[in-house]
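The two complexes that follow have chain A in common; it is paired with chain B in the first and with chain C in the second.
Moving on, here comes the complex of A and B:
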């Protein structure tokens, strides 16, 4: 009863009780020290549940419930500050419609079932056809969950049909880092925000998407420091309001802008010749020397002269024509990059990643930083920001994508497979050599009749909401409704657009209802302990995977045993006695999260992403890898990778060393990639560009934030932002409901003119958080050929008045 | 309605939250005797407002809040001047309700009870830089160092019922007692019952455009923290999970790295 008592009711009762106490001559004087208030309130640390910034919060718990949140003053990321989502993150646990019991669809209706029946149902589906089973995970998976899922699939079932939603969110950043440095994740850190003179937002509305980091930047001005903010954007946003230079560009024009900077650096001879000669090679796309292998993201060498010729056409005037940014502003940018005395920090998120040339623009931005030597010094960095709390820590580092193995290994590489099999202690040959399906392909196959090539028949989705977040939803997911032989399992905490399609729903524990670790955008691995119990029968996602694995073991399904004949998740006490972690009653008898992390740690050294022992993270507000033990026994984190002054893996005297270099000579690659036009552009029938994105108050599909009154009231529904000129021309008034229509689908939305953001004429913007108005029915599912990340930022739509 | 105080209410907030303000005043006016056994030294040390509407028995000659006099014979404030105490108490009850209406829990950034029509920081400053009272509306002075990205933490909470299409939330937030801080002894300066992080500008709540019932009688003194210290439980001082924390984020140049084979 107490658990469901709501605040208003509670206050009413309290008021009554206290007023009565007063009547009886009760406490009307000031309390003295030692009173009861706050005595049972406990404060503990956790990373925030929402975005990839990785703020730490202090979680106040009392009587088994979260009752308050503070910014963690000991945390370097946020220094005590949070954004409005972070301050209200505790409320995400208490939406009234939490899923609390497993439910199975029987005759079209979802009926409650027992956990035993649920686990059994999944195991039977998998055992019947292990190779057509796929697991779709998330950048909100904890490190342990991702590691367990990856092991279960790749080292257990011998299947690479596992992918995750970071495919939709940052895989172009990954390919950019791989193509340039030969190893994933940013060389720089958030400290660059404190040290830079110029911050460039590449299609990045940081004031709303990474507000705490944006404040870290702009608050420097309040302290009298000067920081110049350059806002490259396709629409005016809150970031623009605090920018020194608002440079509006045509969608897809970013490729031309970056090439324009390279052009000026070379023409003005202001590039960093010494740095380039010592530390860089040049690359372009091209057929391999054998003339059979198609162009790949590792490219072919080109000389400096060839590179100079390639960027020659990108004069400021040409760039103005392609991008819409005035030539003199391109010159200003070229001049800034040409100056050694300025520190320049480039920052981006979905604008550069959700891009059909995402790998190319990522490479180009790294390229101009390398070419100008704005690299590897505090304040000089090109840093991608992530959208999910553990897209880096779990998906990128643990490798829960269809082509990856933990620690930056590839499934297609025989040596990497052998290493993983040894570390996982499974028989040689267990891991399949062929990559599985990437996200879009996985869902297309699931969404296609089995006899027509739809060779994914059972799909298990954990901690994500693809039925709202996949592009072009009808083609990629919603057909499933009419396909009788497909089976969708969804582990989640609330009813979502995805649970609506589910055949089996598993109620999950979330955030501080379980132990966990996340890894944020700046390579910082963060830890928390369980603080409160999950509601009803909700259980950890990790336990769900482990329980299914054990059920398969009992059924004698191949692959659930290692070389030693023991279960792949065999867990024992010090005495050697096995702990039955597949039994929920015993799951917390040991710290499974710690066991999985310690099993994962040896994987991380290959690509020099070394992690410290679990217990070090218990003490810390996160540590940035590589974390290397020092002579005094302490564990030291690394802030600037590849820089001798800070990175212990750089050889003495080298200054910079790209020790995973693609060209195998410790040099980074400066890429040339041409400007190209996107696959779909506005035309007579569909005259507007559509861009989609987030708002500050809501996080991704809104399944958590729409259940938090303070956030929901601030932005209760989606809308379409329009330029005033366009609206006037079409006779559309503010808040009028119009139809936004593309070749793929349509939805109705109220128009917001002169709103929070202001698109240029010919463009509209729609946020995607609102499950009642799914903009992804309209978006395009074209993707980057190397990262396979779709472009949610550009497609052609028309705006139709109703009535 | 006759209902004895119950353990739930008393334990949850120390029995200190009172919201039925009207009732409280009326009940208090009856002048019931002080019989709180839980807080043995529960004697008011708070100065009595000068503008008390009624003055039954005159206060005793001895000032109960003299320093260095830890055990004076005092007449409890509520017996000395029940109406004044009742007024102050009613004000505090009202103030805490006002404050709570805009916050999910004590310590949450307040939501904005008016439309945000202009995001320019100067627009926020126009009213909130030094505080403003117009009619029955008060714009509080910013409680923290002026930051420029206001809407990062403070979002619009429109008063109309937009919760209809929302599933609801059963979160019960931590609440302030609204009663002022604890004291070591009668007459000691009260300890702040809240954190001072992001609340460094005391005048925001305790000054002219602050809250009724929370203004001191010594507003002219500006060095608040000379006498009033924050309560440690809020100050994030203790190690989490009982483990001593490591310092975070080296400031200054990083120490030379070493590799141990």
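Moving on, here comes the complex of A and C:
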């Protein structure tokens, strides 16, 4: 084609694309590529493998391979649009170094072994010492995998030593919801993005981390709608470029800002008195936790007057001093919250969760929404966004954390244990009453010699990469190398920093190589079918757990049998004939995923997180729970929880009802939590704040996205973003390699000045996707006392020029 | 990014794109077979210079030149006729290029086959500050007094993620020429007067179908260093 024609053609296409965009309300997808629509190309739905947004993709397969990806027009979440990662998600399967055979470390070298030997090895380790065995899972576990893992540990081995990586990313959101509403997960949904007048990003770089949701928001502008975006952040990001108000704050200043809004709502008498009187109580912390007093999330009641006095000191001027945000901007925010005619949607992700006062800031943001009545109407919501595709669906809902049981139950609650034992059909008393170790504790104990209190000796890691993503890596994991009696099992799809430490590597099937279900940030449970075979001998993570369980049953290990004397994963055909699902050749004779899901469903009703039957999800592009059957037999999803107009569990005439209320009176709690300074702050020796995070093109530790050439070329390696003033002062040039050093460790990185993000003076930012430059050698492992979630966003470092 | 000192910016790019230095480990591998969203056959304008040249009024190409295939030459190249006449195919520019951006034109370029060129989709020119290829060119067909412009890049908006409503800023971030790609409302715009056609944007574009078309300059201005034969 001639160059000019080419150019004209694309101008024409541009005009067309613009027209389509307008017609479809901004929702359109790029052309399908890579595959040719033909008889042999088949399209099936699946949620995207990567982030918690939970977009749906159409997966084109041909001759047993994924050959094309398209945004799913039928999906509510993304209406056909994907982000750059999503368009390439199919390539995540086809990196050349996929793990295809089990490998065992023998004399320091990894040698291929058979699956039989691998399963046997694990079973022998567990049988020898079941109480020092731990399972570390993931928000990328499917619902079925998480459920099987949880059952295997808690109802099988009678051990609560199971935790998951959402501890590192979501647990402060959980404690925030629990403290406020008495039940986890957001009351609102993504529809709030379409209806709000003001969207507030609380330390949330949505343009990069939840790009399709941010598109959904800013697209409204191209349709002539007005939506004001307020970007509260510690560094300028791509989100800031599209924000109406960029409000840069000092790390930890968010606590002061939220209290400042509460102060203004009360001082201006612009809070929603009727809503507060009818639907809210006030709380504050009780005794300060210390060695003897464990952190107590219930707190103590306070009156409205006490609350008003508590927020009294947070005048706009005081907030300016604490947060660095100008007092008039705090007033602007206070006025916005004071207006009933505006719909306000607060959004956050790791900025508020990876925070040593994560529970506090989550509670405070819920608090100002409740105080001002910006709650429970389309557009009025405070919503946390998840990083992983099934942090909600699997870990939070199925309860694969050391203190949880499925459906929002607690390990420490005798009644909850009893219910779980009944539903699982295991003998009473099987489930241990004491919670296991949370993530940091679990790894610390694995990383400590056994005779010095390191009472986790065998650790099985599935679908996650802790040797890259744990904070303060040396202390929390890397010592393992020198501890001969510790045994690390890693199930993964590619070699990672974690497989490097492994004693046994199990090759896993991923994404559409297996059946699965995920649950995204807006309570949407999503389903997909296996579409292609995994490579080599790679097998489902869920099968791996089941096979080990069966091996333990054969070895006569206590706990692998239920009340009826049958194996805990006993699966039978309609005729009653047992299906040997522990044998890979028969694993897909039945739909194990469906069986596990149907076993899980009855757990979900207790906390009104009702799920529909499996087959409903097969038909849908996800359904948001609670999903309740209608008189005509259909299943209806719920968008706004606790609001009478939409939530079927709210009694008629109540308008709002917090039916899992902590105070047991159907009211939500507005918490007072003071501003506090973080545990480590810059000083003369370590003068910079370090913040870590993701970039648009890479997903988490990069083990998938760094193998996709287009994404790798776009952002090939990690860097340290620096403010120009700081760089000039230190004589540092763009691209110069410097050492980023903390009290815990150091790494070398090239400097990027005026790059994608621009930190304030005195701050630096480093992305964590790059396996060759582990910023988590530098980060701090201090955590929130309630959620036990570490703070990856704030620690003190110094920048040292080399040579 | 206007105002960014050129040298450091280029160094940075070389650091990020160059082959020297630490390689990611394990190296990301290309997929074994074409898959969705890959470049490959679907990528538009896979090689600007290979486009069949038909007369184009816009470019005012004279009738005698209609057989000329525009070749994506390294920076500082003289008029094409002079280039062909003067280039001794010594390969010095290829040897000296630190990022292996310069390759030999394949046979389909007929009379230009075997002369140095750049395929931006495989390995773009990184706009080195010291321009070693020019320094190495003994016959003087790459000259420091010539413009460094090799061509010009266009964004095919229908394929660009940013224009499709999905955020992407990679080309503007990786472009080694300050001001050549601007972000307006989070969408990239190429300034053809500033763009040198180095092809870095085409190389890094992560869109499912590469959204960048790099056109080599069909008519390089600048007099031949010594009169070469008229091209027919």
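FYI, the second predicted complex is superposed on the first by the 757 of 803 C-alpha atoms of A that agree within 3 Å, B and C clash if a C-alpha of one lies under 4 Å from a C-alpha of the other, contacts with A are read in each partner's own complex, and residues count from 1 in each chain.
What we mean here is this: a residue touches a chain if its C-beta (ideal position, glycine included) is under 8 Å from a C-beta of that chain, and two chains touch if they have at least 3 such contacts.
Here the structure is a predicted model, which means the values were calculated and not measured.
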Comparing the two partners chain B and chain C, which touches a greater set of residues in chain A: B
Contacts of A:651 with chain B and chain C, given as first, second, both or neither: neither
Which of chain B and chain C A:712 touches, first, second, both or neither: both
Touched partner set for A:755, first chain B, second chain C, both or neither: second
Touched partner set for A:300, first chain B, second chain C, both or neither: neither
First (chain B), second (chain C), both or neither touched by A:60: both
Which of chain B and chain C A:618 touches, first, second, both or neither: first
Partner chain in contact with A:128 - chain B first, chain C second, else both or neither: neither
Contacts of A:215 with chain B and chain C, given as first, second, both or neither: both
Touched partner set for A:697, first chain B, second chain C, both or neither: both
Residues on chain A lying within both footprints (that of chain B and that of chain C): 2-4, 6-7, 10, 13-14, 16-17, 21, 26-35, 60, 65-70, 81-84, 87-88, 90-91, 94-97, 207, 211-212, 214-215, 219, 238, 241-242, 494, 696-697, 706-717, 756, 772
For the chain A and chain C complex, residues of the former touching the latter: 1-4, 6-7, 10, 13-14, 16-17, 21, 26-35, 60, 65-70, 81-84, 87-88, 90-91, 94-97, 207-208, 211-212, 214-215, 219, 238, 241-242, 494-495, 696-697, 706-717, 719, 733-737, 750, 752-756, 770-772
In the complex, chain B residues that touch chain A: 1-6, 8-20, 23-24, 27-28, 30, 32-36, 38-39, 41-46, 76-78, 85, 89, 104-109, 111, 119-120, 145-149, 151-158, 162-163, 165-174, 177, 179-180, 182-185, 190-191, 193, 195, 197-198, 231, 233-234, 236, 238, 240-241, 243-246, 248-250, 253-260
Chain B-facing residues of chain A, complex: 2-7, 10-38, 41, 43-45, 58, 60, 62-63, 65-76, 80-84, 87-88, 90-91, 93-97, 191, 207, 211-212, 214-215, 218-219, 221-222, 238, 241-242, 494, 529, 616, 618-622, 628-631, 636, 638-639, 645-649, 696-697, 706-717, 756, 772
Complex contacts: residues of chain C adjacent to chain A: 1, 4-5, 8-9, 11-17, 22, 24-26, 28-40, 42, 44-45, 48, 51-54, 56, 58-59, 154, 156-159, 161, 163-170, 173-174, 183, 185-186, 203-209, 213, 215, 218
